[in-house]
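A, B, C and D label the chains in the order they appear, each numbered from 1.
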Amino acid sequence: MIKNKSGLSLVLSFLAVTTVFAATSPRPSAQLPPVTRLTAADMPYDVGGTALLKWDVRPEDTPDVLYQIYVSSMESGGWIKADEFPADTRTGDGIELPFWAWNASVREHVVKVELNNFYGEAQTTGPVFRFKVTSVKDKKSYDSQVVSAGTVSNWFRLDRLNNLVMAILVFIVFFWAVSHAKRKGLFIRRIAGLDAIDEAIGRATEMGKPIYYLPGIGNMTMVSTIASTFILGEVSKKVAQYDSTIKVPHKDPVVMTVAKEVVKQAFLEAGRPDSYREDINQFVSYDQFSYAASVDGMISREKPAAIFYMGWFMAESLLLAEVGSTTGAIQIAGTDEEAQLPFFFTACDYTLIGEELYAAGAYLSKDPMLMSALKTQDFGKLVVMVSVALGGILASLGGLMHWDPFTRIIADLFKAY
Amino acid sequence: MKLIKKQIPLAIVLVFGTLTLLTYFVPHKRSVNFLETMNKWENIVAAFAFFLGLINLFYSHYTKISRKADGWGYSIFVYIGFLAIAIPAYVSHGKNMDGSVLTWMGWAFKYIYNPLSATMFAVLAFYIVSTAYKSFRIRSLQAFVLFAAAMFLILGNVPLGQMIWDKLFGWTSYAISDIVDWIMHVPAIAGKRGIMIGIAIGVVVTALKIIFGIERQYLGKD
Amino acid sequence: MLKEKLNALLRIDRRWIFLGLTVVLFGAIMRPLGLINKEISKDTRNAYDFMEKLPAGSFVILSLDYDPSTAPELNPQAVAVARHAFRKNLRVGVVTYAAGATGLIEQLFAVVPAEFKKEYGRDYIIFPYQPSAVAALTQMASDLYGIYDKDKDGKDAKSMPVMLGVKNYKNISLVVCIAGTQMPTYWVQYAGDKYGVPVMAGVTAISQPGYGPYLQKKQLKGLLGGMKGAAEYEHLIDTPGKGTSGIDALSLAHVMVVGLIIVSNIAMVILKYL
Amino acid sequence: MSDTFLIAGAWISAGLTIFLFSFLYKDNPFFKVAEHLYLGAGMGWWAQVYLYGVLRPKVWAPLMNHDWMVLVPTFLGLSLITQFIPGISWISRYGFTFLMGYGAGLELPTKLATDFVNQIGGTIQPFVNVAGMSSFALFNAVVIAGGVICVLIYFFFSVEHKGAVKKASNVGIYFLMIYFGASFGNTVMARFSLLYGRFDTLYTFSASKYLYATQFILAGLAVYFIVHALMNRGKKEIEPAQ
């Protein structure tokens, strides 16, 4: 990929300069040797238009020395100043690339030259450009030899390899989980909040008061709503068994149609199809606050024994949970909307936090898709736990012992480029 | 028929999903050009998605009026509200300002849409106060920790709270802003990061399911 | 006897509490306490320092994605940040991905640039709303004119002096996203992490704690949170505005909330154990 | 724009604000009217933004310049709308699958980078400088790393929570509680700020310059509630949410 046409001249000048260098090593400060062993190449892993110049770090690289980079598109002359910087800066470790894609050496100056800044973008990828580095000290400048290179459009971001590996791992684990879930089922621990559901339904039956189940204001594409309908199935099955009553007010008509099916099925499975009534599910309002106001009214009139809030809730959580708590009902909530969790947590007896809601849905339904998604998430968490624990220990070890290349490897592995 | 109804759409999602995904790993000019075309297309298609919401709202209130459902009279105001903005917008050719002078549309924005939109959520401030009084119950150690963190934040956020802290706990030599900064930058980060990582994998799995046509709820029923 | 009274106190009609809040807050607006927020959080200071260090003439993107429903919190932030940018003689490009924001943006930029004698087209430019934030953010990595070819009035953007030498993220020194939506996350995810452009944000107080992980990892260079963030930034640029007066007015109401929680819980404890 | 219109604007603005607030006393027709106006006005505003800001420059103008490539996304976009037409609603799948494919393809690797790989990196990173770190900074780094692990254990569903796992997950809950507490505390400020914004406007409009808009409208609404209460005296009113 590197179109380096300076090979021969480079060797020649190298020979020439090393002899000079050897002869006059303790030189007076006014004199500065020109830069040698300059190479130009294409910047890897990019779209093109950026060239990479490298040359060795020298003992003369003090802050008062300046390097100037010149670029030209012509056979001779036509130099444009592309960059200028103090000689003690810009080494190989300044380029942000991981260890597997880049050798970050502090013994080398590395400078990226963005050709697009000086030439039209269409002409920068492909043609050969010429470069030279001029060292400046005390207003005197010393040119290096001229090297040339062209840039190309690359095909792979090697620096993003860690991301690709992780993506492929997630891919494999997910499809493995799907096939396992379908054949043998997967283990998911029982969610503590589910015990509270039984207790709440039991109490409602004793008191002879109704149960409210609010499926949130989300639509059927949301994982939280899907999980909520599975939990609704389980709750209504228990309700049917205990011969208690349940009410499910809705904001989304599509969710309502799904919920109707779910409740009907649950009553059938519990052997009580006779107690199923169409008005268990009722549509209240399309509008968030009107919905909340109407449901608040229903709750404060009927004073239910238990209220479930499961699904996607927004600001109305505040209005609902407060009224519920003042009626003295047992309240069990579950949502993945973080901003609402504090209100549920303070006003309810039990709260399923975020993924616990999905897990409860998966646990109850054994739905292979929910299960495998959850399993893949668990896999991801495992990766994080192990990496954080091991990486933390190794990084501090490396830090204490000053093994810089070692700590760099750890840091690079967990960095997105 | 199944081909054009189902298989081609699923092929579209597979092909466009995979190609767009690959642009992340392929820096080549062709990949950039492809992505640029996709960006422009996506931007236009997404614009039409707005009309779904518009038609949905108009239709649902139209049926309410035509069926004379409960409170159908209010539904008329949905159309009135729409026209109250749309007509001035048409008159002002979609411009808010004419130099430094409000146009009709700017006026409608400032005095109709702005107060409505702002007040809808300002109402919640009242419910926060009554929730704090009526249902914020410190029932357990967990709830107490939540309460304590909230307390530091509430006091630290306002100057009067900072003064009260200094009066009562000034002797500890910790300013409340130090404590708030610590809460926000140490334990809260751990909590949020723990939630975030699980959700990130969930999102990745969902994206995978969409690309491979496993997740197709959004297609609707046949 | 005490128990009955306490019970009655806890069951008080919530409209009395509403009235209490109205009195406390409206009173504070009519008669300000005059307290000034002096404690500056680390994140606000980082944001200020980052902007302060930019050389004059740098091109900065202001992504203003809030509609009237969160404007009282976020508009003061936007005003303070815009003032700072103009004072530093930075070039400002305004974008938005919230349709409700367009009117607020025009009202804001009808006032603030004039304070610094800044001219439209030379010192700042306002781009029109775009429906797909992800597409626009991705496009700006290679060629922003692919989507932002025209400004809000339909004039050619590329030929304006303010856009001189600006083509993609490589020419953009900073993105400040002030949003009541998920936009800061999008900026981090689709621009900051992916293409390496520095991003900082101003967000509502509700979402502020959620951005901690991005701040710790320096994916966000700084963060203003809610009205307090605005007040802090106003203090740093030494130009008090709506944030400073607002946070003062909120003082009493905040203390009232703390008081209510404590009083009601003490009452509960007495009812339960005495 | 003349003063008359500004005063009219103040009255409308103050009126709509107070109508929405009247919900706090109880649900009433004024609130419902304002609420429905809000839905419509929001759509009206969005419609004009899309029309003048997007469709005209992005679709209409290129078509006028014979840029036919725009037709592809336009057809995909229009296909979305067939969703409402029974029988041909399947056409909308073409638009939806394009949107979903593009979105999912872009999101997958970037989400992994931002919320996964970088978050692991962020947790480990402080330990690299362990040698030159203050003991407090080291303590914080350990708390963050330990906290992240404990929270993840709390959300780990593949093993039963017993013994050490249960202890760790219990510690995880406390980290979540601190996070939620911080978020609760800040929510208070956020909601109050919005209310402050509205009250500030109402206060402005209560000036004589605006002919005391706030006071008059408040008084009018109070009269309505009193009259309404008097007229319904004796009838058992359905108690609204208390």
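FYI, contacts are C-beta pairs under 8 Å (C-beta built on N, C-alpha and C of every residue); 3 or more make two chains touch, one makes a residue touch a chain.
On a predicted model such as this, the values are computed, not experimentally measured, just so you know.
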Going from chain B to chain D via touching chains takes a minimum number of steps equal to 1
Taking each chain's centre as the mean of its CA atoms, the one lying farthest from the centre of chain D is chain A
Contact tally winner between A-B and A-D is A-D
Cα centre of chain A to Cα centre of chain B, whole Å, reads 19
Whole-angstrom distance, CA centroid of chain A to CA centroid of chain D, is 22
Averaging C-alpha coordinates per chain, one finds the centres of chain C and chain D separated by a number of Å equal to 14
The positions of chain B in contact with two or more other chains are 24-25, 32, 38, 40, 42-43, 45-47, 49-50, 109-110, 113-115, 117-118, 120-126, 128, 130, 132, 134, 136-137, 142-143, 146-147, 150-151, 154, 157-158, 184-185, 188-189, 192-193, 195-201, 204, 206, 208, 218
Touching at least 2 other chains, the residues of chain A are 47, 160, 163-164, 167, 170, 289, 319, 322, 326, 338-339, 342-343, 345-346, 354-355, 380-381, 384, 416
For chain D, residue numbers touching 2 or more other chains are 23-24, 32, 35, 39, 42, 45-46, 49-50, 53-54, 102-103, 106-116, 118-119, 121-123, 125, 144-145, 148, 152, 155, 176-177, 179-184, 186-189, 192, 194-195, 197-198, 242
Per the touch rule, the chain C residues reaching chain D in their complex are 13-15, 18, 21-22, 25-26, 29-30, 69-73, 99-100, 102-103, 128-131, 134-135, 138, 150, 152, 154, 185, 188-190, 193-194, 204-206, 208-210, 213, 216-217, 219, 225-228, 246, 249-250, 253-254, 257
Touching chain D in the complex, chain B uses residues 5-6, 8-10, 12-25, 38, 40-57, 59, 71, 74-86, 89-90, 93-94, 101-102, 105, 107, 109-126, 128, 132, 142-143, 145-154, 157-158, 182-201, 203-204, 206-208, 210-211, 218-220, 222
In the complex, the residues of chain D that touch chain C are 24-25, 42, 45-46, 49-50, 53-54, 56-57, 102-103, 106-107, 110-111, 113-115, 118-119, 121-122, 125, 144, 179, 182-183, 186-190, 192-200, 202-203, 242
In their shared complex, chain A is touched by residues of chain D numbered 23, 27, 32, 35, 39, 108-109, 112-114, 116-121, 123-125, 127-131, 145, 148-149, 152-153, 155-161, 176-177, 180-181, 183-184, 187, 238-242
So, in the complex, the side of chain B touching chain C is made of residues 24, 32, 35-36, 38-40, 42-43, 45-47, 49-50, 95-97, 100, 106, 109-110, 113-115, 117-118, 120-122, 125-126, 128-130, 132-134, 136-138, 147, 151, 154-164, 175-177, 180-181, 184-185, 188-189, 192-193, 196
